[in-house]
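There are two complexes below, and they share subunit A, which is joined by subunit B in the first and by subunit C in the second.
Entry: the complex of A and B
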């Protein structure tokens, strides 16, 4: 088949580039503002390219709040959530996909229905529960409510169902059954799904602002989004360059990961979006 | 004997960790919220007292609550169709076999990867009334820009624009996944038969994309019912409740006014709305 007419291709590019303008302009402006010295921030005619690059903004912003500590908290909480979700979802998905037992269909529906009960509806009750546990303002308070995932269980169940029963029979001859079949066969064979689910959970929980806002109260457990949120409340109308510098370094870890491994991220999000 | 019992219990043991967590933090909260909403518990009266439907009756007579409902409805009705339409157009364009496609796809997706807090910070700076870039660009077009987030008339629109900016890439990608599931030869055949691009879209793509569209609609509606982060970070529901939405109203009643019963009643109403909406959409999908 011949190539598309040149004019049509040019038109497609033109529209795509025009539509990109509003998407990228705020990000460009964040980066530019983040490296401007203070006196260049408030000019009537905006400076599209800064005269002097003030990299010291990043140090100033970083040291204006315990961002190092917030970063560690974000790593601990996100890792904890993802690890627990992978374990609980894999086990549950294994039972639902490969074992026969009484009540399987009902239990699957019960797990699925958790998807329409998001934290934005349940948070008040969960806050009271954690208060009774004495878990407010702790790591476990940030992690345990997300230790299971209906969505992850659903995705992994689909993946485990796709493994042919013949393989299980063959493995059984080698005395590889139950959990060792799960670990040695199902898990390696479902690697794309596991990766997809991990990346979706990573973006969701690394960026989460809502639940940490509800349960954290001290710097000991505050995560990066909370730190940035407090910075917004403090710095508004004064040091835009520092606020943009903080915004940049809070967004940077995932953005860098995304652009380095874009292929995996994109195919993961497509994969999980379609099946969700 | 014990071994065979253990074997029969095995599936339940594997399901147990997930079920315990979901029961405790997803299902129990609904019962707990209903129960809380039937009690009154305030700082002046810390012991929960049974009040029946009183919280609901008070809620439906509170003028702010109807404002909150209207704001939430506006947010859903304005952002969902607009986001979906734009996402579809972008996805159709990106589905052309162009060399720079992966680059464009990644760039459009960038805001989705950023935290909502970062998007809020960018929005705050871009829409700043005096020094913001948006008003400067409007000034170049000889338009006097409004005060955006501090204007009663424009604050909700600003929150919507920031929300659309943040989410459009997400829905674009789901549409793209849907488009790539449509066999290319189907479209090629239509092209050979001389069907125009518009006809090809209406008679082939649109019907085949219908499941994707329903899926996106359900996700987008439920998501926008839950908008909170931008409101809390940018406007605190103001000016004069013009951006107060359901989840923020729960938060306000629960954590600022410390009126747990009232906050729970609003949460139950929100749950009902989400349930009804997804019910209607599922019914429409299966019809």
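Entry: the complex of A and C
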């Protein structure tokens, strides 16, 4: 197979670059607005490169709302959710992929159907339950409703099924069965899937707005997206540069995580053939 | 004396399908025992039941005289080599060897000693820090064997371990496997569909067909005296020639009449058990042949002569009966058109045409007029 003709390759790149524009432009605009002084934000001709870089915007934005607190809340909630989802999904996937028991197929179908239903359907019931537990406006209220993941269970079940049965036989003869087979074989062999699922869950729950908005009332447990929302609401029309600075540090951890682990992120979708 | 392995009346069904029927066999200490049969005959299932990886429907399995029918696989103290090796892909070769010993909480020093001894025996010392995917098929095979021998189990089970190797490596590994098994002296049950492996490796073998044991014995005995038509046909390449025959009893001799000639037994007693109509089987190398006309013997038309080097394969036909012969290279010219069978010295097997069971094995003699 020879190299593609130059013109074809040039065209390919051109199309890709054009496609990148609508994706990257808002991000670029967010970054430059975040570092512009207030008087440079609105100019008659758009300023593509800021004249002066006002890094002080970040400090100002950070201090104009309890972002530090929101940040910690986001980390606690997201970490809690991901940890619980990994534990429950791994165990459930193991049972569905490797154990034989009555009703396994039906159970799997029910889990699949949970993936099809929009999550918002569960919100009312969950809200009432949490209210009865007295968990509104608490970390538990933010974390526990997401302790299990149908998507994660499905994804890991598929990954576990791909581990050849002969490996389980061999491990069994080496006295490694049940949960120790899960821990010593299935988990390490499914690492790309586990990592990809972690990233999907990270994006979903770091950015989650709807549920935290419903169950939080005080800054003590508010997460970053809610904090940002409150910040926008209180700033009304002024100080776009501070808003963009705040938006930037809300989204930065995810962007960094994505760049670090993008290989796994993409490969997981190749493996599962699904979107999150 | 207790055997390394006893299998008694083992039956296995999947629903209504019987995969194994009343299988009984014993394997002596240190014996290399081969389960030979076509694919789908149940030999791998039998091996997995012995290992405890598959439940049986009925029967008993004992290892060194101890009944293990209800013992889980991990407590049977057996080691198995799988067809696709089943090496642990996320572990190095060394970790693969160590894993089973660590799970048995063996002291570290002992583990190291066993691993290095096994690695030396198998010539894989240099490969111990590689992952399986960095190893060739033959090397993976060695690691898989290593993982089995470090365990020093009571019994080795091997499921077609050479079938994924290319022909050259396979022949070399076959030799090594035999040598290794002899050195270790551990009883081994080896599953294969390859008769060459079965003949060369086995001290004894069981030929299995459709879930039943057709015959058990030393490879050469089974080859020379097949218990039935299936065994006769399954062993040997080219396969056994089979054609219909009839028995003619004379005063001092009994003659087997076949489309390719008549074969006389030395005495009447030899074929006493033969029925009137029989199926006659004869191995290609057990027919004696000449290109010079023999009076009273029907000639065979030669279809093709294949020189193999030291031998010739001769494909011949008489009327509708095809015969394959394997003869020394100087027996016939390559362009021979007709050949005649010399009946004296030909070794024949007679089978019951209804049941396929062997009735007699005999070497034909010169027919004397009586």
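By definition in this document, the second predicted complex is superposed on the first by the 267 of 276 C-alpha atoms of A that agree within 3 Å, B and C clash if a C-alpha of one lies under 4 Å from a C-alpha of the other, contacts with A are read in each partner's own complex, and residues count from 1 in each chain.
One rule holds in what follows: a contact is a pair of C-beta atoms (placed from the backbone, for glycine too) under 8 Å apart; a residue touches a chain by one contact, two chains touch by 3 or more.
As the structure is a prediction and not an experimental result, all values here were calculated from the model.
After superposition on subunit A, the partners subunit B and subunit C are seen to fit next to each other with no clash. By the touch criterion stated above, A:38 is placed in contact with neither subunit B nor subunit C.
Rounded to the nearest 10, the angle made at the CA centre of subunit A by the CA centres of subunit B and subunit C in the overlaid structures is 100 degrees.
In the superposition on chain A, contact of A:175 is made with subunit C only, not with subunit B. In the superposed model, B is the one of subunit B and subunit C that contacts more residues of subunit A. Of the two partner chains placed by superposition, only subunit B is touched by A:104; subunit C is not.
In the superposed model, A:20 makes contact with subunit B only, not with subunit C.
Look at A:96: by the touch rule set out above, it reaches subunit B but stays clear of subunit C.
In the superposition on chain A, A:254 contacts subunit B only, with no contact to subunit C. Between subunit B and subunit C, the shortest distance over C-alpha atoms in the superposed arrangement works out to 13 Å. Put simply, subunit A uses no single residue to touch subunit B in one complex and subunit C in the other.
Residues of subunit B touching subunit A in their complex: 8, 10-12, 14-15, 17-22, 24-30, 32-33, 36, 86, 90, 93-94, 96, 98, 100, 102, 104-118, 120-126, 128, 131, 133, 136, 165, 168-170, 173-174, 176-178, 180-181, 188, 215, 219, 222, 226, 228-229, 232-233, 247, 250, 254-255, 260, 263-264, 267, 270-271, 274-275, 278. Per the touch definition, subunit C reaches subunit A in the complex via residues 48, 51, 53, 73-74, 78-80, 82-84, 86-90, 99-100, 103-104, 147. Residues 164, 166-167, 169-177, 185, 188-189 of subunit A are the ones that touch subunit C when the two sit in their complex. Chain contact summary for the complex, subunit A toward subunit B: residues 1, 4, 9, 12-13, 15-16, 19-20, 22-27, 29-30, 33, 41-42, 45-46, 87-89, 91-92, 94-96, 99, 101, 104, 107, 110-111, 114, 116-118, 120-129, 144-150, 153, 178, 203, 206-207, 209-210, 213-214, 224-225, 228-229, 232, 236, 240, 243-244, 246-247, 250-251, 254-255, 258-259, 262-263, 265-266, 269-271, 273-274, 276.
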